[in-house]
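First subunit A sits with subunit B, and in the next complex the same chain sits with subunit C.
Here is the complex of A and B:
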């Protein structure tokens, strides 16, 4: 028994080492820095400031208050718009793809390809698609007699462009999980439902969805966390602009640490606060949402 | 066997400590030169490594500065001790790195070893690279913002020399064949505004580096001109990528950096460029920056310092080669060579060296000036009034400066 558990730990070791090196140590270090006025350049000049950085997050008179909360609310908007789309669209698509015979592999590949590309590649591609003067979308619109749309320089359109790009980029991952899990559902259940006269829509809600609950729960949690951490898409596509209209909280934290304010200690406090918030949201999901599923 | 392993470990460790290898004394060098200028620079590094094969070896590592990634990396590596021995740094970035002890001064002996005469550099350049009477950076080049001209679209007589002619030329533009364009890139627009402000005697920041001085009535008027020009039919619509339009021959002139030279040549454009002095006001001024060589806070051995200074000296002596990538050598000696005199528009632009102005050499330069980049772009897009933009930039700028101080 003892020998077996040793072997178990040995197998776990690579993960545990990486977990400690890349998560535990940076988190503890980040927490320590959040209690200092570290400027990101000189640790020896950093002073201990206690909870001042955390107070600044909630102090409406602080330099950071407005931009931090605005970027957090903006990030919440990203989550609200992106997460349902990257769950529902692949769910429906995978259901349809599973019923298809011809072209299924080709379509699966087409939907999955964006997932394997880097965010820089995807954002550069999106930059070409949404370009005001030479972009694909405006080319189609102007060819049909419509005016060109300032996709990346109008705050609302730029925000939506990032949402659309993120959905296109990430939904393939969930799609593959759903397709695989749907293939595990016994065909006999669908045959019985057919005999009983249940429509395809009814079969989807009564057989498919209940059968893939664990996978759905997993993808919902992961998609929400991923959407909260949105960074590369606005950073590369719009630089957070126009103005600050597409800046996510992760971008704002980076700018606070390395930008003109040189406030890495403050940024660490924001990062810790944001991390705790995400843990809270995930805990709530486990406790109340996932349990129900 | 065990003894052999211990010996090998110690030997490898010793090599690591002394920076020696079969390649010679190794020096790690970081630079932000990606793209066409990166190829030119790497070729120069290779030439040096070939010439000093077995003696010195420069391990040149490039990180493109997209989204400020290069400087983020320098800051983080300086803390972890994983940074380079020497690096390229823009002259306007020096104050904050010097104040935080990330870069170290070059001694007189080290400068001598570079075989460089400091009298050959402009006073402004040396002043901006000097802190506490010590030289912290060896300037390599000067790269100003210029007005690029497509010779196939704009005749020599049409090239503007003052504000009236700029306006007249701009108004000749029509859709598909614009003559002038407001910079659509926020980075370029901010450097353009710096130039226009200085030409109109609008100060940027006070001596303490904490008070923003550019929120003036004159600055509002300038931003209003920018907004009106961007919205006018005779210039590209706000948000259209004017750099791309220039490349495709849809805009006849473009405010851009001198470093775009290779890009225009590769696109097959027939171009020339003029400095901006005189185009917007009476005071001679034109934004520019300079790539400099800095010594990082790594401890270098005597051999490594020797290799580093030899390398910098080699690049300085071959600055004309670097100039071909779209730069003006900071060293006057290089500007006087026959090779450089053949390079156009670099040589013509080098005649205005005294007018090229760097950002203020204060630690809070980014804090006080960068906020305008975000807000001026909104003015250009018609999303903020000049007054709103300048007020917001002043508030952000002074708030950030206070935090940095």
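Here is the complex of A and C:
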């Protein structure tokens, strides 16, 4: 078929208009806002402050310095604790599920179901599950003779509660991907390994893992991005508390813009700093880590 | 039954039951009386079965649950409808039409996939404010139509449709719109369902943006309404859990009906090498 630019762009138009209006314009505007002291109210009163907002991110005397970096490091902790779990747990589960003849679909469905719930639903449920006095987990613990744990009032436990809740909520997505990709591995490879006397554990590392590398790489990258963007879990379950012990960087940025400080220009700078950092990390993974796998 | 009676299945089944135990006990606790809901032991079958919690939610004028349902349904349905049209048209164009700067434009669009939502939160709010859409459902609907990822998915599907199908329709004198509408769309129906379901559930559960662009209690969607109202029921777990159940019923139903497509969609998204 011949080249026809008019037709091509006509088909593209609806998406392209939305794309420019709600993605390109905001991105460009964000860079501009990050150079102003915009307070979220009136743009005409905002004055140009150059790179002051970015300087404030790196200036240890600034009002934002401590909270921003602490929330960023905390977010990194979320990533470090959540990512391995949402990769390893579903890998092992799907390896076992794929060797089963019956009931696989049922079990898969059961493990997957938390994924379809909203973050506020999950976090509200977790508010009860982790409640110190009436919660499900402390009921089990006290029934077994342990002491009740102050899940949501102790900073470390509250952090762990959010980690556990996020693993529970999101693991199923990766599980589905692994099950499908493991189904594609030919059974002959396993049969040959069986004949040679290789253990199931060895087969897992020597056959299964190498065969699903692309899916593994994809899920690792996506899980890291998702954990960096963690927002709703602390926002709904703990409000970032107790103190600021569970506040993620996304939550801090949103509060900076829409909370009492109303520092929307500053929040834009933080958002761009965080965005560029995240894009850099993802790019690095694509470029180096994934190729090595 | 006999095929289920092996150690592996039983162990895995017990694990899966433990995995969804919070959901099972959530349902049973929502049918407890308000006193029983905050009492140990937590029982699987309510000792004192009661619809108190549900009556409280639906009877409380402070909890405009039907308005939230309407808002959520409106936002998710309209966004899904438009998403299927916009993304399929764009995917068709990028996969099957020849035009200037096509591949450069495609790469440029794909590069935006990595921009995190939080980065554009403030400027997108400003754009919506300029368009006088803050508080309107359109503020929640429109940004969901700019996802590079869905364009990518649709393009992948259209690429797999053989060119001959299109060529022969073209030689028969069909216009581009007819080819798209009558030849292409029916062939990529599974893709439309995948994008549609993903958009609907994503939109139904969306939290960060919806909580930012709505202020009035009557403007909220279900997830935002739930998060806002849960504080005023602090400690009344029968009611908060019943609220969670009321908000998640539609996604659970959709999940059961479209399970096949949903799971397939997850795999398609990961099949990118």
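As a working rule, the second predicted complex is superposed on the first by the 271 of 293 C-alpha atoms of A that agree within 3 Å, B and C clash if a C-alpha of one lies under 4 Å from a C-alpha of the other, contacts with A are read in each partner's own complex, and residues count from 1 in each chain.
In this section, a contact is a pair of C-beta atoms (placed from the backbone, for glycine too) under 8 Å apart; a residue touches a chain by one contact, two chains touch by 3 or more.
Note that this is a predicted model, so its numbers are computed, not measured.
Undergrad: Using the superposition on subunit A, decide if subunit B and subunit C clash or fit.
TA: On the shared subunit A, the partners clash.
Undergrad: For A:7, is the partner it touches subunit B (first), subunit C (second), both, or none of the two (neither)?
TA: Touch partner of A:7: subunit C, not subunit B.
Undergrad: Output check: A:218 vs subunit B and subunit C. Expected answer is one of first, second, both, neither. What do you get?
TA: Touch partner of A:218: subunit C, not subunit B.
Undergrad: Looking at A:134, would you say it contacts subunit B, subunit C, both, or neither? Reply first, second, both or neither.
TA: Both: A:134 reaches subunit B and subunit C.
Undergrad: First (subunit B), second (subunit C), both or neither: which does A:288 touch?
TA: Once the two structures are laid over each other on A, A:288 reaches no partner at all.
Undergrad: Touch check for A:242: first (subunit B), second (subunit C), both, or neither?
TA: Once the two structures are laid over each other on A, A:242 reaches subunit B alone.
Undergrad: Using the superposition on chain A described above, determine whether A:259 touches subunit B (first), subunit C (second), both, or neither.
TA: The answer is first: A:259 touches subunit B but not subunit C.
Undergrad: Give the label of whichever partner, subunit B or subunit C, reaches more residues of subunit A.
TA: The larger set of subunit A residues in touch belongs to C.
Undergrad: In the overlaid three-chain picture, which partner chain does A:152 touch, first (subunit B) or second (subunit C), both, or neither?
TA: A:152 sits against subunit B, while subunit C stays out of touch.
Undergrad: Would you sort A:39 into first (subunit B), second (subunit C), both or neither based on which partner it touches?
TA: In the superposition, A:39 touches subunit B alone.
Undergrad: Between 7-15, 43-51 or 61-69, which run of subunit C pushes into subunit B after the superposition?
TA: Clashing stretch of subunit C against subunit B: 61-69.
Undergrad: So which positions on subunit A get touched by both subunit B and subunit C?
TA: Shared contact residues on subunit A (touching subunit B in one complex, subunit C in the other): 40, 43, 131, 133-134, 235-236, 258.
Undergrad: Considering the complex alone, what residue numbers of subunit A touch subunit C?
TA: 1-5, 7-9, 11-12, 14-16, 18-19, 21-30, 33, 38, 40, 43, 93, 96-97, 99-103, 106-114, 116-121, 123-125, 127-129, 131, 133-134, 136, 139, 142-143, 168, 173, 176-177, 180-181, 214-215, 218-219, 225, 228-229, 231-232, 235-236, 249-250, 253-254, 257-258, 264, 267-268, 271-272, 274-275, 278-279, 282-283
Undergrad: Quick one: in the complex, what on subunit C touches subunit A?
TA: Residues 3-4, 8-9, 12-13, 15-17, 19-23, 25-26, 29, 37-42, 82, 85-87, 89-90, 92-94, 97-100, 102, 109, 112, 114-127, 142-143, 145-146, 148, 151, 166-167, 170, 176, 180, 201, 204-205, 207-208, 211-212, 222-224, 226-227, 230, 235, 237, 240-241, 243-244, 247-248, 251-252, 254-255, 259, 262-263, 266-267, 270-273.
Undergrad: Within their complex, state which residues of subunit B touch subunit A.
TA: 67-68, 71-72, 75-76, 78-79, 96-97, 100-102, 186, 236-241, 244-245, 366-367, 370-371, 374-375, 377-378, 381, 383-384, 399-400, 402-404
Undergrad: Taking the touch rule as given, give the residues of subunit A at its contact with subunit B in the complex, in rising order.
TA: Answer in residue numbers: 39-43, 45, 63, 131-134, 148, 150, 152-155, 235-236, 239, 241-244, 258-263.
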